[in-house]
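The structures considered in this document are given below.
In what comes next, chain A is part of two complexes: it sits with chain B in the first one and with chain C in the second one.
Up next is the complex of A and B:
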């Protein structure tokens, strides 16, 4: 009877395990394996080259430049995007009019298609017929007019800000949920004890929001480092390599150069770096909480 | 209770099995006395015309032909590679990418050698094509690809990539609308007028790097000749050679003269086509497929094509041209003979004329040329000046092409000098050569 029950359980689990194995585990193992080979994605034979792909990655300046670009976009997301998300969540958590409407509006950008957002912002930032430049001229700042996405001085920042605009809604939602879990009694008790708004914020809100902030920070880093669609829609990685990011480099190795092995090695390196960042962050946050 | 649970388990298993078989593409094939030919392609604009041809073919020969469209081209490229790995290639398909990828498909045994069919009836099929269109699908003795010499594909249409100019805007600038610039100096001179008139100059999809590569190679042929370009690809001439620096300097000169449109370095070809079709740009660097695109965007657009204005008289100006799209027959197809028979049919004179009229692309069959629109004929005339990396017998390394193209973008945005770019490209070339050795 026990064996029958066990078998039955396995039968229920089997389809999910099979699907998971086919679409996640086996491809993952193949990627690990392919990283050690030179392969063009067409020939049935692959050439084993050991760790050569990984050695090449270490000296690949463009790869590390793309990492720097992704890190810059992530920095903007961690600071500007999350600060904005927190402030708006904090505002919506208070008793203000039409707060449900604001919640809806703030969560609209994340649900929009990244390609659509990219193309709309490309149109707004266009150097020739873009809305931003037209507004700048109307407002009396013609000296600020430029081609925001083709100028190497502004391209990456423009992409980072659009990415932040697109992504702050997620942070807003998580921060808002976190703020709503803080018991109101704590604020009332603090008020009775004579604490002002700043003191309540500093001594109650911030400490209790640390776990939520850690979650938002980890999600922001992982999400932003892998940003891809928005960039390809807005600049395609250009001008030159100024908005290139690791995922675009992986795609270029695979599709542009037909170097599947190298692309897999890049993917593994990228994944390991993200895991290390997340782990370090997790350890720091654990320390901060204790 | 346990019976119900068992039925539930079995039902769950059956459902999962069906789901898996569907997603893995293991659905059964229906038996039929006549074979069905399956063709995979990526050409959204040609889909209705292909379907029409398939209908005519079925009515005439009783063989059903399914044209399956997989777009965009990037997705198609991956689909074909994945199908090759899974031994699921259709009877007929096209290959996108560089010639070395094409060679890999042949070496892996995925593509049928069409040479015997081309040579039937005293080369009747072979001779019906423009030689340069066929050359794209040909491998010769001494090529660097290691493929058995032969013809491995049939061109459906051809293309040339050259300059086009807006005649109305030419008039507006006080220029002769029937005389495009003949020399590079004249071209730059027009740039100054464009700047004064606050119009956009040259637009092109230089955000998608291969089009920069195309123009750079055009000028490389004009400045140093074919042999030196090929020698560079073989690694015998460095990119730091003065002639290559001269090629790179042309982009700096174009930028300084004002002939290049604002934001050109991140411009995708679709945007460039919109700007030119909406009469906001005086010049465009585009392929002959633009005739169809411009017609759709602005049927009244008055424009003509011309060769990129030459820099030197030492060597002729060369443009990229040849097969726009070609089809190959799967060597593992069960319907090889029927597939070859079908592939021959749309390349015949009448079907080619229909395709040219329906899709505004240049026919690959040279006998169908007299039936095409005049703008298209101006593109066709340039076939004499056409060349293509796929017929050079040797391919440049992809990282070198990328470095050259991104380097040109850096020159245009004023970040690097032509010499710096040449040195950077040469460093990458040497690295790739060392790896190959």
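Up next is the complex of A and C:
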């Protein structure tokens, strides 16, 4: 009787566990294994080469350049995007009309796919016929006209700004939810005590928003470092790797040069770096809270 | 002593400045989408010169061409099919598992649950590489089934988390009553627990539907044949083949974005809920 009941319980989790085992755990183990092999994905035999893939990664200039690019985009997202998100949330966290309209609109870019966003912005930023350049000419700044996405000087910043455009709605929603948990009485009390708006912002809002801010920072770093579909749609990683990012390199190793082992080694390296970053973040946030 | 008028004036000025700021950002959110729709209604000749937001004549035939000759009609139906199938699968599979994790006691329960939660937090960049190999081995590459199973796995952990949290808070009295009436465990899950969890199911449905509809990279590596592709991949393929056919491309983008925008406006409440709850996990 008891065994039957236990078996019945397992029936409930069996489909989930089966799919998870096949499509998550097996691939996870394979990544760890394949990183030690040279394999083109077709040949029946894989050549064991130990840590050679990882040694190659250390000296892979394009890989580290792509890493730097991702870090740059993340930097823009952390500063510009999150500052914007916070300001908007702060502006919406008050008695103000059209609050629901703003909330609806700010989360519109995040629900669109990266392909749609990337292709629409690529069309706007197009060097020959793009709207931005046409506007610049009309407004009398023809000297500013350039091929935004194929100019090495502007491509990465253009991509980073579009990424921020697509992403700030997330931070906005989380910041707003955080601000709304701050009891109004605190502000009332501060005002009665003679604090001005800036003082109560500094002494109440900022300290109470630290946990939420840490959360947004972690989500931004993990999300932005791994973002790549938007870049495929906007530049494909060009010009000459100037907007390339690690996940795009992994895709290129697999599809472009058919080096499955190297692709997995890149995946492990990048995954470990991300874990270290989030671990440091976690420790840092714990310190900040105590 | 400053008069009440002073404070009133100050408040109006501050609020106006705040509205100007919020409206400017709103405009930058909406404008690219309007430009996309506007471009989709111009012709191959006018699109490069006419920078007015409202074109002089509306060329709706672009949508006909995109749908039929661009093949986006087929891809649209594929996207609908994949989204419905994956969401349905996730609902059934994750609600069963979450119900067991919340209500039943069995050996290995905690380890299994922690495993699902860990999967949500450990990033595997380039997970598409082993998935490609796996699907090749299983003979599921370039099949709808392979893609659907992969995408069910993508949404599983978060959905189990959301549902289990909900079940944990749900009172057990009704289920107890059903059990006393002789209802089986499956029966209770199906006829008592599921109907009661409609609010969280709505969140799970909307969140996963967004993910599947917008997914790109797995579809890219899984599908070789165009008739099987969902919209996102088809758009990139079209863009690669016909670089300058902007009106048709923009029509394709509008076809892709519109259903999401409509669903978002109708279900905004659930999406916001999913985002704020999902964020707490991380």
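Assume the second predicted complex is superposed on the first by the 283 of 290 C-alpha atoms of A that agree within 3 Å, B and C clash if a C-alpha of one lies under 4 Å from a C-alpha of the other, contacts with A are read in each partner's own complex, and residues count from 1 in each chain.
In the analysis below, contacts are C-beta pairs under 8 Å (C-beta built on N, C-alpha and C of every residue); 3 or more make two chains touch, one makes a residue touch a chain.
Worth saying up front: this structure is predicted, and the values here are computed from it rather than measured.
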Subject >> Combined model on chain A: chain C and chain B, fit or clash >> reply: clash
Original post:
Where does A:12 make contact in the superposed view: on chain B (first), on chain C (second), on both, or on neither?
Top reply: both
**OP:** Determine, under the contact definition given at the top, whether A:116 touches first (chain B), second (chain C), both, or neither.
**Re:** second
**OP:** Using the superposition on chain A described above, determine whether A:183 touches chain B (first), chain C (second), both, or neither.
**Re:** neither
Original post:
Does chain B (first) or chain C (second) touch A:147, or do both, or does neither?
Top reply: first
Original post:
Given the touch rule stated above, what does A:247 touch, chain B (first), chain C (second), both, or neither?
Top reply: second
Subject >> Which superposed partner A:207 touches (first chain B, second chain C, both, neither) >> reply: neither
**OP:** Tell me which partner A:266 touches in the superposition: chain B (first), chain C (second), both or neither.
**Re:** second
Original post:
More residues of chain A are touched by which chain, chain B or chain C?
Top reply: C
Original post:
Clash with chain B: which of chain C's stretches 151-159, 241-249 or 259-267?
Top reply: 241-249
**OP:** Show which residues of chain A both chain B and chain C reach, each in its own complex.
**Re:** 8, 11-12, 15, 19, 22, 41, 128, 255
**OP:** Mind listing the chain C positions that touch chain A in their complex?
**Re:** 15, 18-19, 21-22, 25-26, 28-30, 32-33, 35-36, 39, 47-48, 51, 92-94, 96-97, 99-101, 104-107, 112, 115-116, 119, 122-134, 149-150, 152-153, 156, 160, 185-186, 189, 210, 213-214, 216-217, 221, 232, 235-236, 239, 246, 249-250, 253, 256-257, 260-261, 264-265, 268, 271-272, 275-276, 279, 282
Original post:
Which chain A residues qualify as touching chain B in the complex?
Top reply: 4, 8, 11-12, 14-15, 18-19, 22, 40-44, 126-128, 147, 149-152, 155, 235-236, 238-241, 252, 255-259
Subject >> chain C-touching residues of chain A, taken from the complex the two chains share >> reply: 6, 8-13, 15-17, 19-20, 22-24, 26-28, 30-31, 34, 41, 84, 87-88, 91-92, 94, 96-98, 101-109, 111-117, 119-121, 123-124, 128-129, 131, 134-135, 138, 165, 170, 173-174, 177, 215, 218-219, 222, 226, 228-229, 232-233, 246-247, 250-251, 254-255, 260, 263-264, 266-267, 270-271, 274-275
**OP:** Write out the stretch or stretches of chain B touching chain A in their complex.
**Re:** 2, 5-6, 9, 12-13, 15-16, 19-20, 74, 77-78, 81, 84-85, 97-98, 100-101, 104-105, 107-108, 110, 200, 207-208, 261-268, 275, 280, 398-399, 402, 406-407, 409-410, 412-413, 415
